[in-house]
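Some structures are shown below for you to check.
Common to both upcoming complexes is chain A, partnered first by chain B, then by chain C.
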Partner chain A sequence: MIEPKVKIATCSLAGCFGCHMSLLDLDERLFDLAERVELDRSPLTDIKELGNCDLGLIEGGVCNAENVHVLMEFRTRCKILVAIGACALNGGVPAMRNQYDLKECLEESYLRGIGLVDPQIPNDPEIPLLLNQVHPLHEVVKIDYFLPGCPPSADAIWTFVNQLLSGQPLALPYTQIHYD
Partner chain B sequence: MAKSDALTQTVCEIVQGHGGMPTRLLQILRDVQDRLTWLSPETLDRVAEGLHISPVKVRGVAEFYSFLYTAPRGSYDILFSDNITDRMLGNRELLHALCDRLGVRMGETRADGRVTVGVTSCTGMCDQGPAALVNGYALTRLDKLRLDRIVELVNGQIPLTQWPSEFFEVISNIRRADILLGRHFADGTALRAVLKRGSEAILEEMVKSGLRGQGGAGFKSAAKWISCRNAPGEEKYVVCNADEGEPGTFKDRVLMQDFADLVFEGMTLCGRVIGARQGFVYLRGEYRYLLESLEATLQRRREVGLLGEAILGDPTFDFDIDIHLGAGAYVCGEESALIESLEGKHGVPRIRPPFPTTHGYLNQPTVVNNVETFAAAAKIAVEGGAWFASRGTAESKGTKLLSLSGDCERPGIYEYPFGVTVRRVLEDCGARDAQGIQMAGPAGHMISARQFDRRICFEDLATGGSFMVFSHRRDILDGVRNFAHFFVHESCGFCTPCRVGAPLLRDLVTKVHTGHGTRYDLEEMRKLGRIMQVACHCGLGQTAPNPVLDSLEQFPEAWERRLRSTTFEPAFDLDAALEQARQLTGRSDPDAYLREEELMMGAMP
Partner chain C sequence: MSEDRSFTLDGRPIPFQDGQTIMVAALAAGVYIPHLCFNPEFAPHGSCRVCLVKVNGRVQAACTTPAAVDQTVQNETGELREIRRGILQMLFVEGNHVCPACEKSGACQLQAVAYYVGMLAPHYTHFYPRRPVDASHPEAVLDFNRCILCELCVRASRDVDGKNIFAVQGRGIQAHLVVNTPSGKLGATDFSLADKAAQVCPTGAILTKHRGYEIPIGQRLYDRKPISVVGDVATLAESKGGRRHD
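What follows is the complex of A and B.
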């Protein structure tokens, strides 16, 4: 009997896609992975609707209302949810705005920025509303695992995914999770 | 004279008054601030020039201590003590009432620059709260009437010296005395004993006495003195730790107020035994009101030959004592941080070993002992080690001063032989309805009624002396939350597990306390607490999770009661977090909200 493939979904919330780039850095190991997993919703497949998955990998923190919806959906549909990278774990670079008021941020970008024509704060309902602050994932939903790094190296992602898929205890070598 | 010239002159005078010594930096900054109400960047530069040290260093010190201000403050600076015992006595209502009446927001300075109202950690007046500090001086037993007067005094610009003296009255409340507080001590007798019998003999008595450090850790005092005496060094130093920062403790205040001679005698004795010529008292800033009387006592001791040169006429016995005032930093009670602070630096704990007994003040061998330890040592020199050891238990000899506060009829100081049960103490102080005790302060342990037969001694419940009673009327979690804030405020920021861990813990406690937590959050707190216990650099961070961990064990129902039935709740109100953006954009379409029901529906599989 052929074992059903493990279903994985990934997405980038308030992130820079660097973590997804790191995933692509798996290079030829991607072939190996493709043997064992099937990608559901992910920037790599362009599938828009999330199905029921075994594993969800999320890059980036939560900065707006849409992020909240997507993250909640991932939480409900994925058995295991993993925060990948500094932004997902701590808010990271986008969270640098947290020391300012949202008002200050928007005014700086849309009212006082250089070369603006017809300056105004955008209010189109198509654009997701920003949260007052950028939050790490675990402040919005339960997160099962955290993989640190900016981004975590392809090796770290590889070790983690392999151990998880094969049911081994998770233990990353020090070289893959130290940053000094 | 130009303004900046006047500034230079003021700073110069003060710096010279301290002998231009960089080790006096904290004292200099305190004095400068007393004159100028705050430390402007220009002022700090002048201080740096006066001491020939880098401006960055001066700024670092100024910014470290809570009582040093690098932004303007009101000419009346009022800080409410915000320990849980003050809260039990209603300090919050008084604080808000005062802010209203004075027209000032908490933590801010009134537009006319007249007054600032804020909060500070426990000021050690738990038996006579609600308490506060005004320009560094302790105010006790605040109530509505006193507040009315204070409003008039502030608005009328009446100098502090003309405020009613009863506002500043600090009473000792000694409720039970044993061998330390109960027996008369004749000044000079301990020093005569050491001159007559020699240091070796006194050390033998100390060994026999079994005296252990009364600051809480319980290290054998004789061993400490012997180690320092034997350590090589050009100079040796004696330091009395009167920082008493542990919330709920005030026994050192009473000793310094009523038994200063005994404490100074213990320090001088130690100086003779270890071969030191200089001692320091590190007095917490909150006890500023004691400074003049302590200086006067030191002066009197010099005049009668118990301090200074050739003590008791012996030309080989020189010893003097300086008092250093702290400036609102709990961590400076940790002995190596205290030494850093004495050296004029910001108070970050050193890496130990080496310990102060070999590398202490100015890297010289130094004994750091608690106030009560020195007092006991003086008595032992006179009465003998066996006398002292006749009280207490096998491993904890002698007596212990407990500072009782919270829900009891007779708060105050109780001296008991080690080994007394918690139940006995509760009976004596009239705490009939206790549901739990915060023993040894927030850094200590929380115990519930099931444990009231435990004994106070190093074999069982060790303590530095803080004993705060919570009756059944109280919510234990109010205490836990108060302590969680305390540790965040007092973390020195040097190491990450404490700098980051303490705020995370505070946020989780708040989340559960306000009814937004789940079982998952309790588990997170346990994990975080265990990490802090092993990963923090000093005792502050290592003990910071104690109230959370203990209450989870001792009072699980207090936590469970508040849990949500869901498995997980966000750490913040999602919809409220969109409010600013809604206002800025004027949007009210469905997507401009994160309603809980819709989130659940949308997220359904």
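What follows is the complex of A and C.
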């Protein structure tokens, strides 16, 4: 009997897609992974609608209203939700804007930036509204597991996913735990 | 009266001399007890609480508790590991520790101890305090975002350098590092990179200007081996990736 594949969804919120790049760094191990899992919504599949999944992997923190919406949908649809990478865990580099008021950030970028023509702060209704501060995922929804790194190495992702899928206790070797 | 006196640490006898703390005796016996505000060159401070051990069933700081015969001390237990992890998590959310954007990353004692106690994520709600960086000094940067109030720079500047440049002001959550000048700027002091105070910071709060990211990722102080094997950044020579002047 063929075992049903584990359904995985991934997304990048206020991140740089570096964690997804690290996932792709699994290289030939991706073939092995593809035998066991099926990708649902993910930048790698371009599926837009999130289905019911066993596992959700999220990189990036929460910086705007759309991030909140997507994160809550992932929490509803995924049995296990994993925060991957520094931004998802503590806000990371995007959270460095928390040192300033949102107004100051927008003015610095869009009104006082170098070489701007017709400077104005974007306000198209299609652009998600920015939150006052960037937040890590666990401040918005319950997160089941955390995988640190900027990004976590492919080896760390491999160890983590294998231990999780096989039901082993999670234990990363020393060299695979780092915050940068 | 100093012969053959010992206490038990995780079932192992640790010899000690009169006046030694549990931490100092353990260190001399080659046993690592995680710590941040402790540095063997300075009087113990007992503020970070990371070195908490169980002494005859009671939780105490190893760096300030005098060693005594008949002590049964527990160090590496799941319970203490969890307490230490909680302390580390609180230290991380209280400041702004953006490891990917810090030159000290990989050779940072705060980070290394957090790795050692198995901290994967900060768990608590972040404070994101607003603390401006002091870049007024020509040779050094003072990044208050990374300060954990260990007071090692305070002790070094006062007790070794004789300059008394740093101090901690305020109480409780209001406590913060200050520079002892009317302007509060490091540039207005006679602080020098040769100072002991420049060599003891366990985080990236005091940094040398005009250099950074010199050692590639994978070869930095704590990249391959844990702090229990490598030792503290402040006690290791610069040539070995530490902060201590050669």
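In this section, the second predicted complex is superposed on the first by the 177 of 180 C-alpha atoms of A that agree within 3 Å, B and C clash if a C-alpha of one lies under 4 Å from a C-alpha of the other, contacts with A are read in each partner's own complex, and residues count from 1 in each chain.
FYI, contacts are C-beta pairs under 8 Å (C-beta built on N, C-alpha and C of every residue); 3 or more make two chains touch, one makes a residue touch a chain.
Since we're looking at a predicted model, the values are computed, not measured.
Novice: Kindly say whether there is room for both chain B and chain C on chain A in the superposition, answering fit or clash.
Specialist: clash
Novice: Based on the superposed arrangement, let me know which partner A:177 touches: chain B (first), chain C (second), both, or neither?
Specialist: second
Novice: Is A:16 contacted by the first partner chain B, the second partner chain C, both or neither?
Specialist: A:16 sits against neither chain B nor chain C.
Novice: Which partner does A:135 reach: the first (chain B), the second (chain C), both, or neither?
Specialist: A:135: touches chain B and chain C.
Novice: Just to be sure I read the superposition right, which of the two partners does A:125 touch: chain B = first, chain C = second, or both, or neither?
Specialist: first
Novice: If we overlay the two complexes on their shared chain A, which of chain B and chain C does A:80 touch? Say first, second, both or neither.
Specialist: neither
Novice: Should A:95 be classified as contacting the first partner (chain B), the second (chain C), both, or neither?
Specialist: After superposing on A, A:95 lies in contact with chain C but is clear of chain B.
Novice: Examine A:65 and indicate which partner it touches, taking first as chain B and second as chain C; both and neither are also allowed.
Specialist: In the superposition, A:65 touches chain B alone.
Novice: Chain B: which of 278-286, 530-538, 548-556 or 584-592 bumps into chain C?
Specialist: 530-538
Novice: Once the two structures are fitted together, what part of chain A is touched by chain B and by chain C alike?
Specialist: Touching chain B and chain C on chain A: residues 133, 135, 138-139.
Novice: Using the touch definition from the top, list the residues of chain C that touch chain A in their complex.
Specialist: Going by the criterion above, the answer is residues 92-93, 96-102, 105-106, 111, 114-115, 118, 120-123, 125-126, 128, 130, 217, 223-226.
Novice: Chain A touches which residues of chain B in the complex?
Specialist: Going by the criterion above, the answer is residues 520, 567-568, 570-572, 574, 577-582, 584-587, 589, 591-592, 594, 599, 602-605.
Novice: Taking the complex as given, what residues does chain A use to touch chain C?
Specialist: 83, 86, 89-93, 95-96, 98-99, 133, 135-136, 138-139, 143, 146-148, 150, 174-175, 177-180
Novice: Write out the stretch or stretches of chain A touching chain B in their complex.
Specialist: The contact residues of chain A facing chain B are 52, 65, 68-69, 72-73, 75-77, 101-103, 106, 121-123, 125, 128-133, 135, 138-142.
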